[in-house]
Amino acid sequence: MLGPQMWASARQGLSRGLSRNARGWASGEGKKVDIAGIYPPVTTPFAANAEVDYGKLEENLHKLGTLPFRGLVVQGSTGEFPFLTSSERLEVVSRVHQVMPKDKLLLAGSGCESTQATVEMTVSMAQVGADAVMVVTPFYYRGRMNSSALIHHYTKVADLSPIPVVLYSVPANTGLDLPVDAVVTLSQHPNIVGMKDSGGDVTRIALIVHKTRKQDFQVLAGSVGFLLASYALGAVGGVCALANVLGAQVCQLERLCLTGQWEAAQKLQLRLIEPNTAVTRRFGIPGLKKAMDWFGYYGGPCRAPLQGLSSADEEALRVDFSSNGWL
Amino acid sequence: MLGPQMWASARQGLSRGLSRNARGWASGEGKKVDIAGIYPPVTTPFAANAEVDYGKLEENLHKLGTLPFRGLVVQGSTGEFPFLTSSERLEVVSRVHQVMPKDKLLLAGSGCESTQATVEMTVSMAQVGADAVMVVTPFYYRGRMNSSALIHHYTKVADLSPIPVVLYSVPANTGLDLPVDAVVTLSQHPNIVGMKDSGGDVTRIALIVHKTRKQDFQVLAGSVGFLLASYALGAVGGVCALANVLGAQVCQLERLCLTGQWEAAQKLQLRLIEPNTAVTRRFGIPGLKKAMDWFGYYGGPCRAPLQGLSSADEEALRVDFSSNGWL
Amino acid sequence: MLGPQMWASARQGLSRGLSRNARGWASGEGKKVDIAGIYPPVTTPFAANAEVDYGKLEENLHKLGTLPFRGLVVQGSTGEFPFLTSSERLEVVSRVHQVMPKDKLLLAGSGCESTQATVEMTVSMAQVGADAVMVVTPFYYRGRMNSSALIHHYTKVADLSPIPVVLYSVPANTGLDLPVDAVVTLSQHPNIVGMKDSGGDVTRIALIVHKTRKQDFQVLAGSVGFLLASYALGAVGGVCALANVLGAQVCQLERLCLTGQWEAAQKLQLRLIEPNTAVTRRFGIPGLKKAMDWFGYYGGPCRAPLQGLSSADEEALRVDFSSNGWL
Amino acid sequence: MLGPQMWASARQGLSRGLSRNARGWASGEGKKVDIAGIYPPVTTPFAANAEVDYGKLEENLHKLGTLPFRGLVVQGSTGEFPFLTSSERLEVVSRVHQVMPKDKLLLAGSGCESTQATVEMTVSMAQVGADAVMVVTPFYYRGRMNSSALIHHYTKVADLSPIPVVLYSVPANTGLDLPVDAVVTLSQHPNIVGMKDSGGDVTRIALIVHKTRKQDFQVLAGSVGFLLASYALGAVGGVCALANVLGAQVCQLERLCLTGQWEAAQKLQLRLIEPNTAVTRRFGIPGLKKAMDWFGYYGGPCRAPLQGLSSADEEALRVDFSSNGWL
């Protein structure tokens, strides 16, 4: 079982409230939470019969608990949330909440296609212990998801959510970028505290930082691939799939950025790009889970239709880690 | 209430089993159903409070029943299925089944992201009266949805489905084309009877027709925009959003194609393109529902986050109909 | 040497002025040329030293002359025009003009990036014997090539051209679709007689046919892959790379379409798709030239940076022909 | 007239050979030039009659000469090179060479579609005074421009070029990204010294830096929009259209990055994004030239088909500058 003191001890050396946020964000001015920091988007472990393996989930959390994360993202894209039933989504969050120490943030993905379903899932996520929700853009009707529609959607969700809302744009999955003008408008909502942007266009991230600078609005990079660049441009953290495998290194990169050690940060950043691409764009969650198996976590199978890696892919995955000195 | 005799009378003049299928498909050779013909993908009517309005649904079905459709598609993209709960999806299909005559086909969308959920929804759809299921490609993890993954997915669904399966590729929504080689492999499955292709690339449709010619496999165009071309290349019908508004005209186009009146077919086809684009790509379901209101059906509002049309958009929609002589 | 009588004899059986154009186009009403028919976009033969081999060009033309083409396209994308100097472009057209009979049309590609250069090349093409020019959209600054810019460009070219102008949209090469509204505007210009559309979106082709129906404006399909569909929707011919290899078959497909033998047309169309894709999208001009070598023409090498096929690609190319009964 | 001493005085305070290159690149180890620094890609001024206005060119160069640039890029995409004849391309470079001091680098764009033409243009560029050439990827046949073809192309050019070669990838214009594996292979060529990457994907830029770290290979950002991020990841400079307008500010951003003043750099970077987007992606060269008119340079018209800005666009352009405090 993961004890609060383990998480606390993992946080040594980083006095977040002070140095972290170069943009002068301060809690207590109407918005409810400081989300700055690193988050692994935790995977959902499945047993061989495709059922959620809550025991393995707790084991993984136990190991992740030794690292100085700001919190955990549960039911992000990496969590295979589209493959879970509503009750599974809630149960996973509930279990994570139970074993997480209270000084960590639990960001739960609550996005659904309809506004109403998203509101209901958001409320339920709050009830099972989420500290904030991360709401992916609806996207099936992306041809009609213009700024106006998305502003209506997120405003409704934020109005009715008992906990803060984080916007979530992930075009590789959704085929849709949350437009900058919509983000700027939404940043003024008192219950919308920030955004996770997984698109990798740091000029866009910088523009969002710039145009929301008068709001309490925090931007998280959606991948370690562009984490250093995002920090350099005013982002305050990242949700990084690779942190499920190389969590210490991702946190080290954070620390190097926050303490202005940019040369060392650059060296580390460069060595993380290939393994990160391998566990995201190149081999997806099957690649991430395979790497987790190698690094002492439980990866295990994905739910269908996601397939396991071929042996050739597995070898290529290994090279992406070993050629950068991680294996 | 819609009586079977109304549907039957609507079918006058078309002896489908004989002339329809130029590719020589014959039922009873292992595959269970002839899907050739025109289908409106019915919309889901909502009341002002966003609840499904089953009364309006029945009214619409009553009017659609006067037309010589082969059947109805329920819970396609046009049906806003991603905005419905699982029980709503099933209830809508159940209601349609109750009021539809038995000689019409009820194709129900049962696609979900996970294979397991798709199987379960498929079985349930059969229980509430669907004659076949139309299964959209899973797509959230489209980077990993290669032919191998999709073949596994559809094979599993088809193996376990008590009713025939129709593949459904709709890249405008999913960002994913079901690869031709996967279609060819899947066409050999005894419980996979055909495909709806909404991509609009008729060269691809022709290639699929060509490479599945030795199978009992039928291709439906996913839009009236390329219906004539699809017939000319060996498709056997279409699932056409515009048929919710100009159903008689879409059926007339079918008849002209099936009876070889290509010049008249061309003239009609050309006049249907702009209104069709208007109620699909250009203005989406809100455009379709608005047009339904004009043409004696109940359109009504969409569920959020889909927004109603602006007055400027509504005017442009009207021009797309009036400039082609339909209003 | 290719004699006029050979070309004339090749045209047996097709009374083009009468039956060809279902849209009622008639020459002499202000526009200068009827472009209806099939054209091979001729390749530019290179010797081993990469110089243009004019002898081989004449040999190819001699063989093409036995087929009932409406004419030849010279300096289309298939002609590797971007790899030729201006004087080579003109010399090739001049040579083709000298050996072609005068009842055939010589459509010469004269597009350049700037309007001024396009005008100059157009005038020069007329001087060396082109009957009409085919002008590709400028595209390097595609972000600024909106309808207004393209209308200005083509209007200027058409105003100053001594010969008729054919618009040419080829998004696979240019990343740019000539917008439908620009086409409609340009169709009213007395010196713009038609368009070659290589995009493959037959709904778009149909829309262009429909919206220019009151003009003397003719649409050519840019590939045999969608030739039948284009005819069925009102196009009047095609510029077909595959006609450099299977010219008789492409002309046969034309005749079947023009004479309303749609079932036979469909069968032939389906067998042409894979070889066509092989010599265009899949293996490009190197594939086309390799196939020409097989079918009695001179293909030879491409200019660098285009590379020859690997032996694996060559084998795949062969299968695309043999599996459809052409080898 | 621009005197060498003006350029020299403009370079005060930056000892480039020492601190600039964090990656340890040192000249003299086989490669011939250190390209680290900032470059404006100079525009080509046209008179009202569309002729090149060499007088205005010299005036612009005079003003640019007061700024601490590493050199000038001539005939980049911003220079409207596709609209110039070969002799104009060379004459412009020759004129720039004549008025530029010898301690500045003149990088001349010499890319053409064919390898042979690129070689010839490269040799000619060297003859008229270019210090290095910047070679855009050939792209018209992008479907065949795989790594193998591009490696052949660039190797041939670099083998035959009397001056160093800089690779140039600009997908917004070409629709083609020079693949990372091709860059890595080409980085080993003794006459290929670096790359300009205009794609804006800094994860890709970082990966290129990382995988070429054992070569003398320098990466330049192709836009100021991601200049800070590129420096932070190991790039050594930038070719920045905005430097034609806000050259002092771009050089200041360089200095802040090179001296580790990342907070001040971030503030400046953020204010440069909107004006940069305005003069590149949003309004293109017409926007850049309009802004040059405002800032004391000669912008003037573009060659057709590029059109001037509408008054509404001009106003939006102005806001992008004024809202960031630059007007």
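Labels A, B, C and D are assigned to the chains in the order they are written; within every chain, residues are numbered from 1.
Definition applied: a residue touches a chain if its C-beta (ideal position, glycine included) is under 8 Å from a C-beta of that chain, and two chains touch if they have at least 3 such contacts.
Chain labels with UniProt names: A, B, C, D = 4-hydroxy-2-oxoglutarate aldolase, mitochondrial.
Keep in mind the model is a prediction, meaning the values are calculated, not measured.
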Distance in touch steps, counted as few as possible, from chain A out to chain C: 2
C-alpha-based rotation, chain B on chain C, 0 to 180 degrees, nearest 5: 180
Length of the line joining the C-alpha centres of chain A and chain B, rounded to whole Å: 37
Chain centre separation in whole Å, for chain D relative to chain B (CA means): 52
Chain D, residues touching no fewer than two other chains: none
Contact graph of the chains (line, ring, star, complete, other): ring
Pairs of chains found to touch, sorted by chain label: A-B, A-D, B-C, C-D
Sites on chain D touched by chain C in the complex: 50, 77, 82-83, 85, 113-117, 138, 140-145, 148-150, 152-153, 156, 172-175, 281, 283-286, 303-307
Residues of chain B touching chain C in the complex: 22, 200-203, 206-207, 209-210, 213, 223, 225-226, 228-229, 232-234, 260, 262-263, 265-266, 269-271, 273-274, 277
